[in-house]
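I have a structure here, written as structure tokens, and I will follow up with some questions on it.
Residue numbering begins at 1 within each chain, and the chains themselves are lettered A, B, C and D in the order written.
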């Protein structure tokens, strides 16, 4: 079993496209389920290290340890769910190409331990994200895609600058080798490298100050694409950012800066979500808010908090996927995603899904989101960061306010228009909510997985040279 | 000799880039862009990277300029229907 | 968000970028103590041992960093797919010239240019060049025909797509075969031959062949889409 | 000996190229500029190629192909340029004879 299959199999499926051009949706489901199975079979053989072509220092190394395994499983799961969701809508070539490529990009991002290879996967995932944004082929979609492209070009420029400076000064690109020699670089140059890497990944991970574009992109694209963006794309960039941060042993003041950025992201995003009235914008800003909390928690470089942050990544990804897919059903029916449409129809099932997933997002007891948020709060309290605790609790009120506003919008207009939801979609959405509920009631196994992952992420998971 | 050539090429690159930005006629900009591509080809050759030079000559000065020319023709068609 | 604000934003970002780059360059000029010299030596040493390829750049591109090349090929595929998706309704040719001299010239030059491209691809492991460059050169022969013949020249889009896809699949399959038969991606499953001859380098030559075919088909498709695009 | 000859030939070729560039700079209109640039530069490049062959004779095949390629493409592109320039602005002729007008372009 080789780790490269996570990259090679989707590429093969993509290049063989002309052979089965009528059945792309079925191939997509089969591919993603295969990858999910592959990811699950890797459980017992962690950590796995694989070298491409030659040995170090020129080798590209692929590493699968606890943390990246957790994310890889999550990504393949989400991809499978989304492709199952699209099964009913038939053959869509553009969606197939872009989403499969996005899968290649994000799995490469978390698997690869070579900085330039990471850049390649960064580009692959970015370009597929532009394509996904432009999927609707109308003026709004093109505008969003072009804006995304300009921002993305800046991100990759800064990333390339950082990579170039690293290669010029120590002559290696493998992350483990860089971590060993990073201390040898002149401190001012170190700061410059960290800054450009931070800007590069921060733009894509939608951090504060660099995220002015996010809501427009989500609004321009389809809702089902939004689920891919918020569950896969930003999470993988965030993972790489913090993976590098931990490996390079950045100073406490720089970690504090990251935490500050996280807190600012959180506050700004939740306020913006409160102000907006378009459901896709609201969920986009809420994704930003969650990313803020995750950044804040990860910036403490503490085992318990990092585990909690990983848990939040998992629960948030599943909840957001359910929300966006439900929204996509609405959008396909009404051709709009303004929050007033919620008052126009009668669909108790969809309403229930949105409500339950929203509750999990908010952190209400029987759901998995609650466990994640609670462990973040207790972790912060055990580090005596009471300011952060108070901030999260306070801002969560705002989150509660806009989510309840959305839900009351639902209740007002009962019985106007019936919305038919196919049983397969019901099954899919119900599965996701049950997943959230199940992990909320029995959080122990998941928490243990997250703790092991956090330990391996913080421990530097050093690849022996 | 080589350092002098490098500096001369760099200066002409700078001139080509400035001309590409500030010339009024878009066609002149495209021409300057092609000049920029050729200049960088020479630069790569001077740095003894013939592979990169070949790529730059074919893609930078050839295909890139073709895309610009096509875009130029399309927009001009739009202006005078 | 209107155009003005977007523009202002991009100016701001450009300013930021330029200042950071200038600072970086000024800083690096003083601070760097490059260890690069040693890398080149090591690389040539490894290359002589493991690949038997005269052009060391080629063995870096296709073998040591084969995965990166695969990624770049798929980036190219993705961007050309994007262009094709949004420009697919071609109506008329932009260059409607009917110049007899140009047509005859194109007829004479077409096989020569293709031959040159094939030469560049197949000699990628011996001299500067390789799949990317040769592929683009072959595509430029097709561009010449587009220019000369206007609407009367339509290469089969189906054939182009098929050759593009199959060469990409061949590239990935080569990697998978390396994983299955050897121990790593693009492992040398063929004999290496002696350095400097045409049939040396084993898998590397095949990789460049596939890359060249793919790039040629992709670039031809791309230029066809651009030249025959409907009024935007 | 042959090396010396090759260098001289290359020098003459470079001189022709310089002259053609000068003509491109100094001539008044498109057609006369092309007159200066195409002929002189074709000759110049061929002389440079010939000089290179004399300088390193083992490259004769590739350099011969290069010369052939230049001979094929340079006049062709010049003719296309001339045609399109004529179609755009015509040319100056003191006795108002325009032989190209009768041809269908």
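What to note about this one:
Quick note on the criterion: contacts are C-beta pairs under 8 Å (C-beta built on N, C-alpha and C of every residue); 3 or more make two chains touch, one makes a residue touch a chain.
Predicted model, so just to flag it, every value in this text is computed and none were measured.
Per-pair counts of C-beta contacts peak for the chains A-C. Per-chain Cα centroids separate subunit C from subunit D by 32 Å.
Rounded to whole angstrom units, the spacing between the C-alpha centres of subunit A and subunit D is 60. Between subunit B and subunit C, the centres computed from C-alpha atoms are 19 Å apart.
Every pair of chains that touch is listed here: A-C, B-C, C-D. On the subunit B side of its complex with subunit C, the touching residues are 49-51, 53-55, 58-59, 62-63, 66-67, 70, 73-74, 77-78. Interface of subunit A with subunit C (complex): residues 2, 4-5, 7-8, 11-12, 14-18, 50-54, 57-60, 94, 97-98, 101, 104, 108, 116-117, 120-121, 123-124, 127-128, 130-131, 134, 137, 142, 147, 150, 154, 157-158, 161, 165, 168-171, 185-186, 188-189, 192, 195-196, 212, 216. Within the complex formed with subunit B, the subunit C residues making contact are 55, 57-58, 94, 120, 128-130, 132-133, 136-137, 139-140, 143, 219, 223, 226-227, 229, 231-232.
Residues of subunit D touching subunit C in their complex: 69, 72-73, 76, 79-80, 83. Residues of subunit C touching subunit D in their complex: 99, 101-102, 105, 108-109, 112.
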